[in-house]
Structures are given as structure tokens and as C-alpha cells.
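The structure's right below; bear with me while I get my questions together.
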Amino acid sequence: MNYIATIGDREIKVTVEEVGVARYLVTGEGKEHLVDAHQVQDSIWSILYGTDSFEVDVQGRDEEYEVLIDGDCYKFSLMNEQRKALIRAGRKGAAGKALVTSPMPGKVVKLLVAEGEEVQTDQGVIVVEAMKMENELKSAVTGKVKEIFVKEGEVVESGAKLLLVE
Amino acid sequence: MFRKILIANRGEIAVRVERACQEMGIRTVAVYSEVDRHALHVRCADEAYLIGPPPAGESYLVIDKIIDAARKSGAEAIHPGYGFLAENPTFAERCEKEGIKLIGPSAHAMRTMGSKTLARKTVRAAGVPVVPGTVEPIATEEEVFRVAGEIGFPVMLKATAGGGGKGLRLVRGEEDLRSSLRMAKSEAKSAFSDDSIYIEKYIENPRHVEIQILGDRHGNYVHLGERECSIQRRHQKVIEESPSVVITPQVRAAMGKVAIDAGRAANYEGVGTVEFLVDKEINFYFLEMNTRLQVEHPVTEMVTGVDIVKEQIRIAAGEKLSLRQEDVKQTGHAIECRVYAEDPDRNFMPCPGLITSLRTPGGPGVRDDSGVFEGFEIPIYYDPIISKLVVWGKDRQEAVVRMKRALGEYIVTGVKTTIPFHIRVMNNQHFLEGNFDTNFIDKVFFQEERERELPHFHVAVITAAIQLFLDERKQAIARRPVGAGEPASLWKYSSRPGMPKFR
Amino acid sequence: MFRKILIANRGEIAVRVERACQEMGIRTVAVYSEVDRHALHVRCADEAYLIGPPPAGESYLVIDKIIDAARKSGAEAIHPGYGFLAENPTFAERCEKEGIKLIGPSAHAMRTMGSKTLARKTVRAAGVPVVPGTVEPIATEEEVFRVAGEIGFPVMLKATAGGGGKGLRLVRGEEDLRSSLRMAKSEAKSAFSDDSIYIEKYIENPRHVEIQILGDRHGNYVHLGERECSIQRRHQKVIEESPSVVITPQVRAAMGKVAIDAGRAANYEGVGTVEFLVDKEINFYFLEMNTRLQVEHPVTEMVTGVDIVKEQIRIAAGEKLSLRQEDVKQTGHAIECRVYAEDPDRNFMPCPGLITSLRTPGGPGVRDDSGVFEGFEIPIYYDPIISKLVVWGKDRQEAVVRMKRALGEYIVTGVKTTIPFHIRVMNNQHFLEGNFDTNFIDKVFFQEERERELPHFHVAVITAAIQLFLDERKQAIARRPVGAGEPASLWKYSSRPGMPKFR
Amino acid sequence: MNYIATIGDREIKVTVEEVGVARYLVTGEGKEHLVDAHQVQDSIWSILYGTDSFEVDVQGRDEEYEVLIDGDCYKFSLMNEQRKALIRAGRKGAAGKALVTSPMPGKVVKLLVAEGEEVQTDQGVIVVEAMKMENELKSAVTGKVKEIFVKEGEVVESGAKLLLVE
């Protein structure tokens, strides 16, 4: 099976083939590796990469992966080739659009912008409080505030849409 | 000695106090809110009383409910832990009125040291060096501008009732003064329901070093040496160690004496911590005194062999200190890493949730003071601390590699934790050299992290690919509409620390 | 110093050695049998090599496979841990031949001390006091009867190659001699594939006290004081502590000197343990020398602050001892409880199986050297040790209450463990008084347990009833045919320890 | 619901009534107790017996329970009243019968008795080896060896029937 990993602007193609019980032949960037992979504890994998032993914590939601190894966090998107092709199509015309979502459950303390207002990349747009800490969320793009989905004082879930910049 | 003690707290510190009590043969009484029925401090106590709904304001902070539980259980003393009611003089007075011994200093001592301004006045009178600034809370914006002008920028705005880095704002120039004041006041209001603020000269790149003192009601005082607490983010301690690499025996003795003087000035009884700012020339200035058991007390326990909580309980029971200054010896080196349910790769956003699996580190020189277990759900209502990982080594070098080793063994899944952050700090050259100040994390560390190349990118991708391969084979997963992947993929992606670079 | 070390072992001791290596910056190579792919020592290693099927005889005991893995990985040294090949002179010679450093003494020293009879000869020549008995393996039944007659009953039958309590039989009178000899030989055969037996005078109610020694190849020796190992069941240590309540500084010095003499007599290099029997009058007799790292080494580490495994590795690398005798100080008191997957309420029957949940103890003075994690399946092929729980206290009293506290926090479900047994020992009056010998568990403790009333019978029944209530409500469980409940209910029911009595 | 706990020759009647979420009114030997019971971790229960807090490890197979509290093991049989009545009936005529079963997985090293042989209570009847330890199993009753279900050298599971004494 072929997969495409995207990290920043770089893409890596990975091929996975099962060659035994929990053993895989993995090809990445031309190199072949025999990998012995066991999911030993929840999201923790014990990996023998050749004979090198790693403990790998794989957390993925949808196509976004966050992988922890020795305290380093590797973030990338990963999907199979066909899926990747679809996404490319879907992305058309969506450039410069950014939905600001709440990264944790909390309470909206303050809206720092109004609908229609121009914002710059990394400009603070909203303040969300969780566990008595106020966190200012920033816009990822430059554009105009298209829509605001929440009110001040509103309690929001993790991942809740807060506002849309276009 | 007390026969029964109520612990008016939750989480790791409640468990820590229960452990001391159990080893002293004292019966423990836990209190818990509705979300804490399963919590470790309830499971490990001898008795437990429900004190109300999840918000601390309706449970752990309600004096009447704590007192009621103490009366019902027949507890002779209350240990407040840290936070919640630990430094609340009203609570101290109420306990006195009810004839229940509060394990801590008098209401008077709390008031004196609890108000930063009064504290500065008091200790200055006792000959303790302090940082230039106001000693009174500041009433008006105009006054803030005037005083800032006098002592000169940069200045610190501080909540009079502050602590834990809340209601703190650094202001580098006049232009930011107004907005910072607003934020500081609002944070202070929500955290301490008191928005009074004072202002202080800001010491550039200071270290934060504190002295642990013990005092009994018979006028005996000892100090247990220093803790180096300069590794902070957003002015909140995350890594502490003892001894400090910059403190010589002479400076240690001087700071110890001054700390004890500060304690005496407030007739301090119990265990307390005197915090100092230390500048490049190792001049030290009184910052504040914490009139409670400190989160980071274990590092001192590891190097001195003194069980601070047991001493605290003995002092409260009226006993004399069990040790004199000359009995106190620092042996080896100890480091503590505070493990929080926060995402270090998303600006330490809190990550409450269910702990789906856990592997705690072990082996020589490792101590884990935890408040959780596998299957516990970290509530959103309280500080998201999971545990304090502490190690001892014969010297700093051994302590650091041991901490790194222990952090590597520590597995917590289901919630993001600061464990990866701590591993990266243990690998940082400046940290290894002991070359840092209170700005290290925010100013130096994250910059260097951004530049760092990550070594095992292939293993990461390959493992994820194998998991996806197996997932896909298991079933065709119902997918979200095309394009909906964006929010996550755009969320502050560009400024994530630890991003690998490709050349 | 070595850059890479292969650990020819599994379980907690392999993990212990890996921890030392990691902290020394040495790369670790694990070996594993087919059932151990998930084992902690594989997960925590830098490299791992499969060495065959589950039975130790086809994997961990196969010298060729270990050597092959070492060669492939480029390991410069091999740490054998304890058990398996740890005291196998053939293996030592093979390593030498291959140019791989075995972290342990020479084959010669192993042979000398490995044969109990040769060991007795050697140390006796060096002036070390030994117990009366044969120094040669005994050939015929007739000879056994003759020698037993000479030295007089009670006598001990011991496997010449023995260790870990296997192939050991106490014989009180002539009538039992024949059958005991059969059992001893058959156990010796299966455990060491060598059924030669020797015979010794049996010292009534002795204590078992051992001395930890370190020796480098430059002729320097130190001892790290004693370990009290009298708490045994079936002649196997289950609880160890240091210091021993009966050893005075004078006796300690004398035993230490004799232990070092024994080491010198065999040109001993590395870490080793000299075991003594101590009688009522505190006379001590050489019992045997263990030419390996001892299971119970952590208690010595806790009171001396010396990392014995790191010292062992440095010695093997040719370094001089990092400490002299006068640097060695015992501080406070340490106790170790060996946690096995055994059922203490069914005569310590082994209970291999899946660990379905785990909560390891923490807090001050607690060390857990574990080889497992939640979700690990303890294989039936090896010794069923789960972990070694070790505590430190400022004195024995604090160490005991702390151990009791830590054991109470220790949760292992899915398999039966010896944790409850250890809690009961910590509550036993004789143990608290330090008043015991090697017969304590089998002769005194279980007797007293049988008499003891259990305090919380109602809570036990009520909780079970609530569980049954919920089970029944969940579904009508398919039940077994009537009467099949008997086997369990009759299985040695009458002699279970800890049975509550009703009056 | 009514339950009978049997410990040795003593019987205790326990009544369980649910009075709230995870709260039960339990009556035993005339006394009433309000119990707050939560299964917090596998077989571990956190019990508030009134306000007294206990951690209780409940292991039951069929009607045989083994409950651990503070290191003490409480063993008893427990079943509801009707079930108990059935058992009583079933037990008739089975007195003095004892099936010796293997308490752990292992290998039969030696049979110490033959079929038809007379044995005494606590007499060793068979040796089973597990993890290189030989364990001699004893008869729980005095009687005659009725049947032997295994051969020497045979590998047996935990709970396997070994022999029957009658």
C-alpha cells in the first residue's frame, strides 16, 4: 500500500507491505526497511527498525499525525495516494481561508476582533480561558473576519469553531 | 500528636500529605468534590467527605464545608496543602475559632506575607534586601504611570494577592502599560477575586532562588538550603533543583540567615519558603514569602533527607524542631520536573481528559509524586498537574541524565503532557551547563528548539504508516467531507516548536 | 569505557542494567525469546535481538546465541544479570575467547566459588570460618548416612551447583534421609543439570547475613556492609534489609574483613556477595559466595548511595574503585520486598498470567525495580518475579511503616502476587521487633497468621455482594452444573493462612 | 436482593438495595449500612462504608470469592438465596468427596498414590512442577483414590482435574 506523508511543504512516499506476523517491509525514499511493529500499550508502539528498538507514541486524528519519539514530536499529515489526490482537488480555491478553533475546552473571555475586520497572520483574535489561564488565539492567515461563531462568556468544547478568517 | 488530620486539598499534594500521615500512624480524612469521587486522594484516605460540586468555589474553597467535614470526622487538625485555602487568613482564623489546628502559620503571618506590599515593608524593616518599587497597592492608572516613570522601565505589575504566576505582567515601555494593567487586573480578579496591583522595578535576567525554612513555636528556626527555580514559563516554575549551580556556601549561609530573619519578623511557625531574585553579580533581593508547603519541597527532601511534611505536622503539634542547623547537610543533587496535562507543542494549552494508559518510571534515585492512575479522568476544573517527577544523583550531571532516563520511561497516553518538553530541556546545552535565568524557556529554549533537527523522522512516519495500513485494512473509515482537515492543519502550524527542517 | 553492552538476561534485572547503561551514555543491546517481544527490557533497550523459543534452555541459556547477538551488534561487553549464565564459567571462558568482556569475575573465580565444596576448601584456607560438613560432593547413599552420623542431625543436603533454594533439603533424622536425598537430587538435576549433593551440619535457627564486596583488577577491595536476609520461605529470600538489627559495628568490620579475604582468596574481580550463617551468639560461618550481582543489591544502594551496577561496569572496564573503605557510610535503613506472581494464600503457588491493571507506589523513600507494565503477560517459562519494592527510612521503624504504606499503594490485578504476604509480615510483631531467624516465615509467621482475626470481614462480604448484585442484574449468568463448586471450596481450605475465626 | 455468604461453617445473610447512583443500602446481621461503591480499576473497588474509605479487590469465580483488603484475604462463598437452596440439595451424598485440581499451569512430575489406595487428609498425592518448583498437592479428605485423571509428565492447565478421592 502507498502512502504520502506531508511535512510542511515536503512530501514523502512510503510503501507498506506485510511480510509476516507483525513484520513489515517498508520502503521510504528508495530505502527498504524490515520493521517489527507491536502496539504494546494503548497508542504506544514497540518498533524494531532493523534491530534498533524504539518506543513510538502515535496519535492521529483524521489525516493529521503527531508522533512522539524520545520526547520529540513529529507532526505531519499522512494518507494513502488516492485520498491525497482527492484532497488536492478539494483544496482548490480554499487558499487563504482559516478557521480558528478552540484547542481545548474552555470559556470565551474576549473577542479581540469584529466581523469584517482586517487581521494579519498571527494577530490575536480571541481570548479563551481554561483552568484560570487566559490563552490568546491567533489567526493563521491574513484576511478579513468572515464569521464569528461564538459569544463572549460562551463555554466551548475542544475543537469548537470560533471564527473564520478569509 | 494528632490522631486524625483532615486534608483540605486534592491531587498529588493531598496524596503526599496522606502518605506522611499514614507513616506517622495518623488517620486521614479526605474531602472531595463531585468529580473527585474516584480520585487517588479519596481512594488512599481512611475517611472521605463529599463537599459539593466540581468548581473549587463551591467545594474546596468553601470554608464552612471544610470545617463541617472536620467537625463530623472529629479531625483535630487540617492540612491545607498548597493553593485553595492554604494561604487564606480568614480560614486560619476560623480554624482557630473552631479549636481545630491549622497546619501552617498564624493568620497574622499569612496576612503579613500574603500582601506583597506589607511583606516588603516588614522584611525591609528586618534588614532583608528588597527590589525597588511601591510598597502600597496602586489605586489609579495615573499613579502607575508616575511610579513606572520614577523607577524606570522595564517594570513588573503584580497582583497584591498573587501567586502561581497569575496576575503578573512585565511591561517594557509606556506604550504597553495600559493594556497590561487591564490584563493583570482581570486575571487577578478572576484568580484571587482581588484586582489590586503593585509595581516593581524589573531585574533583567534574574535567577529565581528560594530558601526553605522551618520554624517551631518555641522560636527555633532552621533553613534547609536553597532551591533553584529559574526554569519557568509564563513566570510559572516548571523545573526546580537543589543545590543551585550559582550559590556558593557563603551565599547560601547569607541567604539562609536573611530568610530566617524574614521568618522571625512575622513570628513564622511551620514550613515556609522565602523567594529571592538573584542577579548576575549574585546579589539577592527578597521577592516574597510563601506561607505554605511548596510544590517543589521534594527536591529539598531528596538532598537533605528531611521529610518536610512530617516536620510540618510535628511543628503544628507543638513539638520542637527535630534538627538543628548544624544537622542539615546537602548530599548530592536533586531535580524536579512538574508533569502537567498540557500540550508543550501548542503553547502549553491545558489538556484535561482520561488517562488511557500509564507507565511510571522506576529504578534508582527516582521518586514520583503522582495524583493520578490509569483510568483517571483529569477534571477541567483544577490545575492540570499530573505528578512531580523527582530524581536524586550523586552530582548534577548524574541527576540530569537520570531525569532524562526517567522521563523516557514515563508514559502517559490519552492526554498530552509536558514530559516531552522536559526531555528536550534535559537535552539542552545551556541547561546542562547550568547557564540559564528566568527568561531561559521563553527567550532562549524555544528559539533553539525551532532550529533543532529531529533525528527519527523516518521511524515516526513509518510507524504511522503501519498503523494507518492496519486501520484501513480493519475497515473503511467513514471520512469527513473534503477540506475539513484544514483547521487542524492551519492551527499555528508555522510556529510549532520542534518542527523538523529539511535541507 | 564501553560504548555498547549486551544484557544477557530478561525481566527486572535486565531493565536495571539498562538503566545504569543509559545513565552512563552506553548503548544497550537486549536479547529476547519469542514470548518476550513485548517485555520491558526489549522496549527500553536501544537494540534487540531474538534468540529463540521460550524455554530458557533454547534461548537465554544458549551461549552460542548470546555470543552471536553480541557479535552482530558489536557489543564490547556482556552483562549477565543474575541467574541464567551469570555464574557459568564455560560462558565466561567463551566470552574471553571471543574478546568480549564479561561483566563479572573470571571463570576461575566462578569455578572456585561455584562449587560449594571447593569454595569451602578455598576460604577455609584463607582463614574464613565455615560450617562443619563435607567439602567433597557425596557419591553414594551409604556415604550420606555415614557422614550424617558423624556430624549429627539435623543436617542439610545441598546441590553442589545450587542456588536460589533449589536442591536444598533439611533432614532432621535418619528416617527422612533417603527420600530427601531423592528430592534434592531430582531438583538439582532439573535446575542445574548436575545432581551432585554435599552435606553440612545444620545450624539451628541461624540468621542469614551477607556482605556486599567490590574488587577491581588492581587489587583494591571494599565492602558495603551487610544485608539481613533471614526472611525466607522454602530457603528462598523474600525480604532483605540493611543494616541488620543484630550486627554491631565491630561484627560488621570483622565480617567485612573476612568477606574481603574470601574475595582475595579467589582473586575476585567485580561485585560479589559473601553469605554467612549467624547463630544466637552472633558467631558467623561462611555459607557461600555469589559471584554475581545479587537480586537484593538495591537495599545496599539505598543506605550507601553507591550505584553498584555502575561500579560493576566501571570495574569491568578496568577502572579503579571510585571509593575507599573509609568513604563507605551506611545512612538510615532500607528494606526490600520481592514481589512475585505467586499466591501467598495457596502456599506460594506460581501464578503466571496477564497483568490487567497496575498501580505502582510512589512518594518519598520508595523505589520500585519492576520488569512489567499493565498489559504484560508474565510467561510461565521463567521465575515469576514482578518487581522489587525497596524503601528507605531514616531508621528501621520509618522504613517498616513506609514499606507498609507503599505495599498498600501497590495494585497488581490479573495475577495473584505476594504483596498481601509482605503487608502481613510488616504487621507482624516479631518482625517489627527484628526478632526472627531463617525459620521465621515457615515456623512462626504462618502459625500466628492462622490465629489472627481479620478486621474487615463485613466490608469484604458487602463489596462482593454488591458486585454479585450488579452482575446478576446485568445478565442471568450461565451457571455450572450443581456441585462443581466443590474443588475450589475444598482445595486445602482447612490450612489456608489468614482464615478468620468466629467466636 | 438477599445473599448468603458462607465462611467455614458460618453463614451470613446480606441484603443489597440500590438507593442511588453507586449507592446501596446493605443489611448484614441486623445492621444497616449506606455504602458508596465504585469499581475504579479492573477488580478494584473504592468503597465508602459510611464515611470510611476502603480499597477492595474482589476476585470471584463462580460462587467462590477471594477479597483483598489491606493485605488480608477474605475467602468465602456467596450466592443468592435460591441458588444456595439448590446447592444444598445438590450437595446431598457428596460428603467426603474431594477432587484434587491443579492450582496453576504446570507439569505432573510424580503420582504419589495409585487408584484404589487409601489416603489420609493432607497426605501428599501428586507432585506438580511449575517454574522449576516442585509442589506436592495434598488430599483434603480421608478416603480412597477413586480416579486419576492425569499421567506423569502430562502438562496441565490451572484448575485441571488431577484425581478424585472418595
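As written, the chain order gives the labels A, B, C and D, with residue 1 at the start of each chain.
Assume a contact is a pair of C-beta atoms (placed from the backbone, for glycine too) under 8 Å apart; a residue touches a chain by one contact, two chains touch by 3 or more.
Bear in mind that the values here come from a model prediction, so they are computed numbers and not experimental data.
K.L.:
Pick out whichever of the two, C-D or A-C, is joined by more C-beta pairs in contact.
P.N.:
C-D
K.L.:
Distance from the CA centroid of chain B to that of chain C, rounded to the nearest Å?
P.N.:
40
K.L.:
Centroid of chain A to centroid of chain D, CA atoms only: how many Å?
P.N.:
Whole-Å distance between the two chain centres: 52.
K.L.:
At what distance in angstrom does the C-alpha mean of chain C lie from that of chain A?
P.N.:
The answer is 49 Å.
K.L.:
Could you give the separation in Å between the centres of chain C and chain D, each centre being the mean of its C-alpha atoms?
P.N.:
Here chain C and chain D have centroids separated by 31 Å.
K.L.:
Return the residues of chain D touching two or more other chains; collapse runs of consecutive numbers into ranges.
P.N.:
41, 55
K.L.:
Two or more other chains touching the same residue: where does that happen in chain C?
P.N.:
44, 357, 359, 373-375, 408
K.L.:
If each chain is a dot and touching chains are joined, what shape do you get: line, ring, star, complete or other?
P.N.:
The chain contacts form none of line, ring, star or complete graph.
K.L.:
Which pairs of chains touch each other in this structure?
P.N.:
All touching pairs, sorted by chain label, are A-B, A-C, B-C, B-D, C-D.
K.L.:
Quick check on the complex: what are the chain A residues that touch chain B?
P.N.:
Residues 1, 3, 5, 7-8, 10, 12, 14, 16, 18, 24, 26, 28, 33, 35, 37, 39, 41-45, 47, 49, 54-58, 60-80, 83, 86-87, 89-91, 94, 97-101, 103-106, 122, 129-135, 138, 140-141, 159, 161.
K.L.:
Contact residues on chain B for chain C in the complex?
P.N.:
That would be residues 15-16, 19, 22-25, 44, 298, 301, 305, 307, 331-332, 357-360, 362-370, 373-375, 387, 394, 398, 401-402, 405, 408-409 of chain B.
K.L.:
Touching residues of chain C toward chain A in the complex: what are they?
P.N.:
These residues of chain C touch chain A: 30, 37-38, 42-49, 72-73, 373-375.
K.L.:
Once bound in the complex, which stretches of chain C touch chain D?
P.N.:
166, 183, 186-187, 190-191, 234, 343-347, 349-352, 356-357, 359, 380-384, 407-408, 411, 413-414, 419-424, 427, 454-469, 472, 479-480, 482-496, 498-500, 502
K.L.:
Looking at the complex, which residues from chain A come into contact with chain C?
P.N.:
Against chain C, chain A makes touches at 36, 38, 40-41, 46, 48, 51-53, 55.
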